Amino acid sequence: MIENQQQFASDNYAGICPEAWASMAEANQGHVPAYGEDPWTTRASDAFRRLFGTACEVFFVFNGTAANSLALAALCQSYHSVICAAVAHVETDECGAPEFFSNGSKLLVAPGGGSKLTPAAIRAIATSRSDIHYPKPRVVTITQPTETGQVYDLEELRALSATCRELGLRLHMDGARFANACASLGCSPAEMTWQAGVEVLCFGGTKNGLAVGEAILFFDPALAEDFDYRCKQAGQLASKMRFLSAPWTGMLDSGAWLRNGAHANACARRLAAQIEDLPGVTLMFPVQANAVFLQMAPAVQEALRGRGWRFYTFIGGGARFMFAWDSRPDRVDELARDLREIVTGAAVPL
Amino acid sequence: MIENQQQFASDNYAGICPEAWASMAEANQGHVPAYGEDPWTTRASDAFRRLFGTACEVFFVFNGTAANSLALAALCQSYHSVICAAVAHVETDECGAPEFFSNGSKLLVAPGGGSKLTPAAIRAIATSRSDIHYPKPRVVTITQPTETGQVYDLEELRALSATCRELGLRLHMDGARFANACASLGCSPAEMTWQAGVEVLCFGGTKNGLAVGEAILFFDPALAEDFDYRCKQAGQLASKMRFLSAPWTGMLDSGAWLRNGAHANACARRLAAQIEDLPGVTLMFPVQANAVFLQMAPAVQEALRGRGWRFYTFIGGGARFMFAWDSRPDRVDELARDLREIVTGAAVPL
Amino acid sequence: MIENQQQFASDNYAGICPEAWASMAEANQGHVPAYGEDPWTTRASDAFRRLFGTACEVFFVFNGTAANSLALAALCQSYHSVICAAVAHVETDECGAPEFFSNGSKLLVAPGGGSKLTPAAIRAIATSRSDIHYPKPRVVTITQPTETGQVYDLEELRALSATCRELGLRLHMDGARFANACASLGCSPAEMTWQAGVEVLCFGGTKNGLAVGEAILFFDPALAEDFDYRCKQAGQLASKMRFLSAPWTGMLDSGAWLRNGAHANACARRLAAQIEDLPGVTLMFPVQANAVFLQMAPAVQEALRGRGWRFYTFIGGGARFMFAWDSRPDRVDELARDLREIVTGAAVPL
Amino acid sequence: MIENQQQFASDNYAGICPEAWASMAEANQGHVPAYGEDPWTTRASDAFRRLFGTACEVFFVFNGTAANSLALAALCQSYHSVICAAVAHVETDECGAPEFFSNGSKLLVAPGGGSKLTPAAIRAIATSRSDIHYPKPRVVTITQPTETGQVYDLEELRALSATCRELGLRLHMDGARFANACASLGCSPAEMTWQAGVEVLCFGGTKNGLAVGEAILFFDPALAEDFDYRCKQAGQLASKMRFLSAPWTGMLDSGAWLRNGAHANACARRLAAQIEDLPGVTLMFPVQANAVFLQMAPAVQEALRGRGWRFYTFIGGGARFMFAWDSRPDRVDELARDLREIVTGAAVPL
């Protein structure tokens, strides 16, 4: 029933990585107090503080939708608004969760199709209205890397946060693929977050190799006031918390979090390198993380599907390939080969 | 760091049972589609339908707070109200989650201290007001077994549901410890739910031996309309869904779900049997599931704690002991022995 | 179609008092900017500041339910709770509005039937739980006068606010009949509010003689941050604001607000004085404002109704008579006479 | 303090029209039951039913923001979405109220700048996504006339409703200026609403000449189930309801509602007719209701302002003039004259 042929449709098609699994197994010993009063949760929180080199507040929740929504709800009231890119996951793929958790905060989408926000775009939105008939901008959320696999560099991040500070806006980072961004920039987690002015980070665990769970880090502890109550009320407090927290210890202590990200990025580059010269196949975005978006003729897409490949086309109609911690290089090569055969072969009229 | 001495403070201090673990391990093979489009989720849903002997709609969410709140929100609008017992978990231990998920539905607490609702109590609340200045009663929620370990028998359930139908109320069952109730009554899941008039069930997985996750079963498919959207928006749709659903297959197919419940119940009876003759120690409630509540002098509680025992006293000040799927009979006996020594010994002035 | 016989069932059966009407007529001249940017709204706000002798922030909303709910929502987050008396209007007669506007804040009802909160009751509730499984107490709301017509004296208010400060709780006053309380105590509005530690006041206009509208006063301007956005989003910003604000100028400048309250109180005392010696008719509460609650046999109630009197019995089954700014003393006397005839006459077997 | 010179910045700068005022005065007699149990409310509801020639359910609320939000919340759940035009008031000027009242329903804005929705635009949005990661389209809301003064004709309305029915969408009409649309089309209210497939109408009273208040009409009574509870909980139930409802009787019985709309429309046409030949001044939209939008050079706007004229420019940067029930033709002529002088005079370099 399980597909034998590995796919690159999504990085959440992958399972649990060995380090996370081992920590779960280790944590599955005997009885410990519930709701985070266990030693594993303390260890995992400390591991995050060490990794980020700061005394941040750490919370473990079930998934990315909840992590983002809870963080945003903590930063704004219902009559505030959140500035985001048009392709931001919070806008396009969370079924109105940010609006639900915040009881109505509106997402204000930056004009222009880019996946990255710019200081100018933020300023334009934040200053376009200042009357009470429109929700007051209060938070900027950026995705790092973005939904199209772009990575904000440190300078860009610092410019964004300077703009936010100037305009009285909070800065939140959706790091569903945070590890991929770190691996891409080769910088430290601290440099990419609080040192660059990010105030709250959602650090993605699921796509990084966990079974379930994301970490929310508040670099300004004042912003985390009563956040534990918020999580509890919103159905995001795990009773057997150790199974959400312990896997992080395995990931962080072993460095697997970064290795996993680096591997997935490498697979993306591997594919890109093999197809860049193909006629009629265009890279839609520079490959900076673990995603490759390819523009190609419908017939080519069709032919690829005919050879058993699964992929999504929801961004600009292009074919998205998203690599995971366990993507197999030989399958990457197969995909490149199939694509080459289709494009260069006689069977497909382009 | 882990406590060596098994405690009975809560059944969610326990870990993952072997059957659930094995299924997780088995599911952790290769890639599968996300968000429930995987074969494990189909299998788990089918397993529930077989177990209950009906074509119910099945949803997998992260925890009990969310399961109850989502189910109740599906059954009422914000200006409706939910009738529950004073000690119901939704009222006392979910930090306002039902009100949050429903955007304001009020919980109407039955007068009287009992953990069981009665037809008379429901009728009294439901008919006490009929003006628009008070939220309109729309749902009754019962906990099976109750927070004090009482089990509604089939006749009681049928009487409750008849009252609900007569009054136009929906009937929801919080089955955080559903397996314990089944084991206690020796009846089938079907008899205890849809055949008795229960319309929506939250079937607890975490306390039954899973790492994380509860199942929500709608016996009337019409009530489940768009419920998948509701879960998604509320941050309760797991991307790697197989790790929420697969463990259920192990539990249901092997019968572990029921064995686990029966074992925990047996431990409770084992403790009760050993202490029922102790002077100054009183069973607060009949032992019908996996909980034992003991009224005892503060000094006795103190002495028990002195011997390393952990327990909660939030219901009526009594000591609560709650047994899990892996509670060790020898530790039950130790607890009984310690209590006996304390009560009968000279060291404690009662 | 209009009832010719004045009733005392509720003080919102009354119409618009002359001073409010005159101000509306005066304000209905020509064009002015909308949404509060008009001179009437400025004048009314200033009139409140003069009356209270402090630079409070003033907002005009449509009704008492919204006023209370918006004020409470401004003081707490969804996972916080509000301490109130069991008979508080927010608990019993606003259809879950506080929970709706706050997205889930729970009302924690003080045990005991009294309509007044006490420092002890507040402390008991606020300190009974301190875990994240229960909403964190954040606000105390008191009704002045209470729903049974009791008035907190200044000493009581100061004691309450001292307790609130000590426990980190905000203090909100539901002043749906604020004028009646002022008239009763003979103190200044300032003494009864900010000087006694009240932080936010909902000053009732409708029952005081307006067509529609309440004023919300924040004595700590910091608490009013972005409150105008909150009102707008919640559908409580009038476009033709002058018709909500102007009537207040007539009320406050002329002193009608206080005269109206004093008159209604006098009617209540007038009734009480005439029936205090009646056998089988008991004052349920001391008459301190504009309400008289009378315990009497069902047959007496029936007989009163037979003579055309309307009244509610939702508090303790007693007959409530509530006097308005235009209650006619001769009708009060008629009521007293009817009651006396019924009770002392031969026709009614008691 | 009041501006002597009538402005056309907004139709809610106007006061209360004589017919509404007279009804308020008439209603301000004696005591009547509160919360809509009074004869005026019955009369007003019946007047609506007569006017629309159908047994619709009628509710009176305080303002347009609440009317629209409550109606939309009644038609969808939090995980549903509402299709609207980009310039729809619900999207641009209600501070997130629809999202707040519905607890998160997302507004999906039709691409393209037009103020009118088309069947094609609705279809495109409604069919663009069908996965649970995006809110499910459930309602279409149209503004009649639109925010730019365009009026859907009957054929357009019928085409929209046919599309809605086909796609399983509800059709809501924001009729903040409903009377202007009726006057413009010369059709009956019935033809423009339920006979054309509109299911819920918000009939604007404030802009039509009332002090405060809108009516919500449900043409399908089933959709109005428990709507009275919804209004109450949301702070939209007036206690002295007669002052919200009675004015409607004056408006509807006398025909003032339609005369007022027709007069405002005539003023708009009067302005348009006088300036259509002006060089450098362009009508941005056909004048079909009571609005005139004029594109002109910034210097001309400046000069107009210099002559004391107030107007908004939030749509496309053009100058908006919006006429009310009491707009004075001589002032319209003054405006036209001033504009002509500015444009044709020597003083203004264009």
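So that you can tell them apart, the chains are marked A, B, C and D in the order they are listed, and the count of residues begins at 1 in each.
One rule holds in what follows: a residue touches a chain if its C-beta (ideal position, glycine included) is under 8 Å from a C-beta of that chain, and two chains touch if they have at least 3 such contacts.
Quick caveat, the model's predicted, so the values are computed rather than measured.
Asks: Counting only C-alpha atoms to place each centre, which chain is farthest from subunit B?
Replies: D
Asks: If you match contact pairs by residue number, which of A-B, B-D or A-C shares over half of them with C-D?
Replies: From the options A-B, B-D or A-C, the copy of C-D is A-B.
Asks: At the subunit A/subunit D interface, shared numbers over all numbers used: above half (same) or below half (different)?
Replies: Shared-number fraction above one half, so same.
Asks: In whole angstrom, what separates the CA-based centres of subunit A and subunit C?
Replies: From the centre of subunit A to the centre of subunit C is 51 Å.
Asks: From the C-alpha centre of subunit B to that of subunit C, how far is it in Å?
Replies: Centre-to-centre distance between subunit B and subunit C: 42 Å.
Asks: CA centre of subunit A versus CA centre of subunit B: separation in Å?
Replies: Comparing mean C-alpha positions, subunit B is 34 Å from subunit A.
Asks: Of all residues in subunit B, which are in touch with two or more distinct other chains?
Replies: Expected reply: 78-79, 94-97, 100-101, 103-104, 132-133, 135, 229, 232-233, 237.
Asks: Contact residues on subunit C for subunit A in the complex?
Replies: Against subunit A, the touching part of subunit C is residues 35, 77-80, 103-104, 132-133, 135-136, 226, 228-230, 232-233, 237.
Asks: Report the residues of subunit B in contact with subunit A in the complex, numbered from low to high.
Replies: Interface residues on the subunit B side: 1-4, 6-7, 9-10, 12-16, 21, 24, 27-34, 39, 61-66, 69-70, 94-97, 100-101, 103, 206-207, 211-212, 229, 232-240, 242-244, 324.
Asks: What does subunit B use to touch subunit C in their complex?
Replies: 78-79, 81, 92-97, 99-101, 103-106, 132-135
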